[in-house]
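Next, two complexes with subunit A in common: one pairs it with subunit B, the other with subunit C.
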Partner chain A sequence: MSKALFEYVLRLGDDSLILGQRLSEWCGHGPILEEDIATTNIALDLIGQATTLLEYAAHLEGKKRSADELAFLRIDREYKNLLLVEQENGDFGKTIMRQFLFDAYRKLLFEKLLSSSDEHLAAIAEKSLKETKYHLKHSSEWVIRLGDGTEESHERVQDSLNELWRYTGELFFEDEVDTELKGSGVIPDVSDIQDKWNELVMNVLAEATLTIPNDNWQFDGGRVGKHSEHLGYLLSVMQYMQRAYPNMEW
Partner chain B sequence: MVDTNQIWKYLEEVSDPEIPVLTVNDLGIVRNVSIEGGLCKVTITPTYSGCPAMKRIEDDIIEKLKDKGIENVKVDLVLSPAWTTDWITENGRQKLLEYGIAPPQDEVDKSVLFAEPTNVPCPKCSSSNTRMISQFGSTACKAHYQCNECMEPYDYFKCL
Partner chain C sequence: MKEIDLAELERDFQAKIDADIKIEPKDWMPDEYRKTLIRQISQHAHSEVVGMLPEGNWITRAPSLRRKAVLLAKVQDEAGHGLYLYSATETLGADREQTIDDLHSGKAKYSSIFNYPTLTWADMGAIGWLVDGAAIMNQVPLCRCSYGPYARAMVRVCKEESFHQRQGFEIMSKLANGTPQQKEMAQDALNRFWWPALMMFGPNDAESKHTAQSMKWKIKRHTNDELRQQFIDISVPQAKLIGLSIPDPDLKFNEKTGHYESGEINWDEFWQVVEGNGPCNKDRVDTRRRAKENGQWVREAANAYAEKRRIRKKAS
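This part shows the complex of A and B:
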């Protein structure tokens, strides 16, 4: 089981790490000071969650690889994050839409993981859930403000939804890793989360006067290491220091 | 050999590097102190997952206890039960207020997705005619508020 659990924890850890890295790109570039601070605060929470998750993954793997090595010294095909979180920031509306679709999923997932039969995973969920609720509050309020805002803000955030919707099917991706862990009560049944996610997302989008695109083509692959073209560029920035100066610390 | 009560007293001298008026005891992040076979073990819990102060607090605890002559110290980090602002002591809340940071108010903003912003009285003039500027402030644990009466901008230690 620990091999499946390693894989699962790595997937969650990579979601946090990659989205944290993406959000940190806003540091010093936010549209207003408050949002510059908010996005980087959320990035910090995510990097903190990534640290805890990747430390646990490193422990489960039992190969003496550290959390830092997992974070900075893998190649792109070894990252198991969702395609959604590696998508480029775009404008503020796209960043917010990406965040909202993810936050809604993460909140519901962490709520379910509270009762995981794996105590450490449940503890990580308990800690992270509190932060995630603030993230979701922030992102959903912005989706509504932008969607039901000016003509331009509506158009931009609708375009972002149209573009990002095709990455939301993967939130509920399942393979043999999930089947094994579900059987032993470590993780919840994904269909349970999916229904609640649909409800939550539809309610917010309705209030934001936004509509989901008709084209329901969905991508997946991130969970098994097949990524979009954007991940490589992100990793080259994120890994630069460790690649250029191996084992450096500060 | 010192007892655990004495260790708790020594911890009164370790402050939060980001809010130096608060000690680690005021914050409620020290969950347990034990002495077994000459090893002093202090168990702490993080406020936020990414709080950069945690590592520093860990080092400060070890250093403080060394200063007091306790050489064999280990600091353990636990995640559960997850830290809550309810654990900030009454004394800690008073110190925050005097420092100009509004202390956490109630349970409301923890759970509700679309709750109205919590009413947070101004730490300078006590007026409750205030508004939230941003949910995220100078650190992960704070929101940014402004008083509509005296115009003072201030941090609010938000509920977690």
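This part shows the complex of A and C:
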């Protein structure tokens, strides 16, 4: 079981890490100073979650790799994050939409993980849930503001929704890792989350006067390390120091 | 207003300052005092915000999870400082939008140190240690500034600055005690940032045109050269402690005065950077301007939405 759990925790850790890395690209470039602060704050929470999750993954793996080694020294195919979180920032609206679709999933997932049979995972979920609720509040409010703001903002954020929607199916991806962990009560049944996610997302999008695209083609692959081209560039920036100066402490 | 009244108001104003009574936004103050403060606080605010960029440049490349988190937190603090300070300028009647546009048009200045590029990870250490260190020297006396809102903003800011300075010094000492390659990186960063850090205190006292009046108004408590000396006296032993050398062949300790004496600052370079010819002046201002332009539609949307809500609320 610990192999499946390692894989699962790695997936969650990579989601936080890669999205935190993406958000941190905004630092200093936000549309208003208040949003610069908010975005950086969310990035900071996500890097904090990534640290806790990857530390746990490293422990489960039992190969004496550190959280930093997991974060900075794997190759592209070994990252297990969702395709959604590695997508480029685009404009502020796209960043917000990506964040909203993810936050909604993350909040529901952490709520369920509170009762995980794995105590450590439950404790991480409890700590992360608080932050995630705030992230979701922030991203939902902005989706509504932008969707129901001006004609331009509506159009921009609708385009982003159309573009990102095809990465949302993967939020509910399941393979043998999930099956095994579900059996032992470590993780919830994903269909449970999916229904609630649909409801939550539909409500916010309705208030934002936005609509789900007709084209419902869905991609997956992130969970098994088959990524979009964007991830390679993100990693080459993120890993630069560790690759250029191997085996040093910072 | 009759001339006699004005003279009396000015006398009362100066009496308050002399008695260390804080001036508050609604109090009468001379136009020049107001103007001086608006100029100084807005320059300070711009420095905080432009100052996010050289360090922001390394967040995505930070070498460990912990360093990434600390750097994010630090740069986020600087954004917060910018906010408090823009608010302080507003208490003096300045318009935030206009203040920011003055930065983007090149009319307003900000600290020249941020016009130098950050070339390696060690620059995160050098900036925290020296640049935030110099900022603390400048800002601690401002906690007692005669203008209440500025003084109170500085109290909050200074608390965070000392964390910034410590994390920078910690990065530096880790590198200086690391591999030869890391130590070289640290020394190189010190070589590049030492002199610009000394320039942060502004021109020599003889050249500084605002000092005398600002001291009389207790906006300023020490001269540029006094603060610079204090900074040198503190920083030189710190460099020694971690085994780095100060890039100044003329630096020597004067036993009699108990102070370090440093070589001559390259003031041509200082004025060139002030005039806009530093390596990054254009990049920094362009980046801030672009952030504002790219955010235009977002701000418009937020306003439009707020207006719609107001109308809906009224109708219901």
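Just so it is clear, the second predicted complex is superposed on the first by the 249 of 250 C-alpha atoms of A that agree within 3 Å, B and C clash if a C-alpha of one lies under 4 Å from a C-alpha of the other, contacts with A are read in each partner's own complex, and residues count from 1 in each chain.
Methods note: a residue touches a chain if its C-beta (ideal position, glycine included) is under 8 Å from a C-beta of that chain, and two chains touch if they have at least 3 such contacts.
Quantities reported herein were computed from a predicted structural model and do not represent experimental measurements.
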Classify the contacts of A:H227 with the two partner chains as first (subunit B alone), second (subunit C alone), both, or neither.
neither
What is the contact status of A:E25 with respect to subunit B (first) and subunit C (second): first, second, both, or neither?
second
Taking the superposition on A as described, I'd like to know which of subunit B and subunit C A:T51 touches: first, second, both or neither.
both
Contacts of A:E126 with subunit B and subunit C, given as first, second, both or neither:
first
Touching A:R11 in the superposition: subunit B (first), subunit C (second), both, neither?
neither
Of the two partner chains, subunit B (first) and subunit C (second), which one does A:S140 touch, if any: first, second, both, or neither?
first
Please indicate which partner A:I42 is in contact with in the superposed arrangement: first for subunit B, second for subunit C, both, or neither.
first
Who does A:E34 touch here: subunit B (first), subunit C (second), both, or neither?
both
Starting from the residues of subunit A touching subunit B, keep only those that also touch subunit C in the other complex, and list them.
34-35, 37, 41, 44, 47-48, 51
Considering the complex alone, what residue numbers of subunit A touch subunit B?
34-35, 37-38, 41-42, 44-49, 51-52, 119-120, 122-124, 126-128, 130-131, 133-134, 136-138, 140-141
Taking the complex as given, what residues does subunit A use to touch subunit C?
21, 24-25, 27-37, 40-41, 43-44, 47-48, 50-51, 54, 67-68, 71-72, 91-93, 144-146, 148-150, 152-153, 156, 237-238, 240-242, 245, 248-250
Along subunit B, where are the residues that touch subunit A in the complex?
46, 48-52, 78-84, 110-111, 113-114, 133-140, 144, 158, 160
Considering only the defined contacts, which subunit C positions touch subunit A in the complex?
49, 52-53, 56, 59-69, 72-73, 75-76, 79-80, 82-83, 86, 121, 171, 174-175, 178-179, 181-182, 287, 290-292, 294-302, 304-305, 308
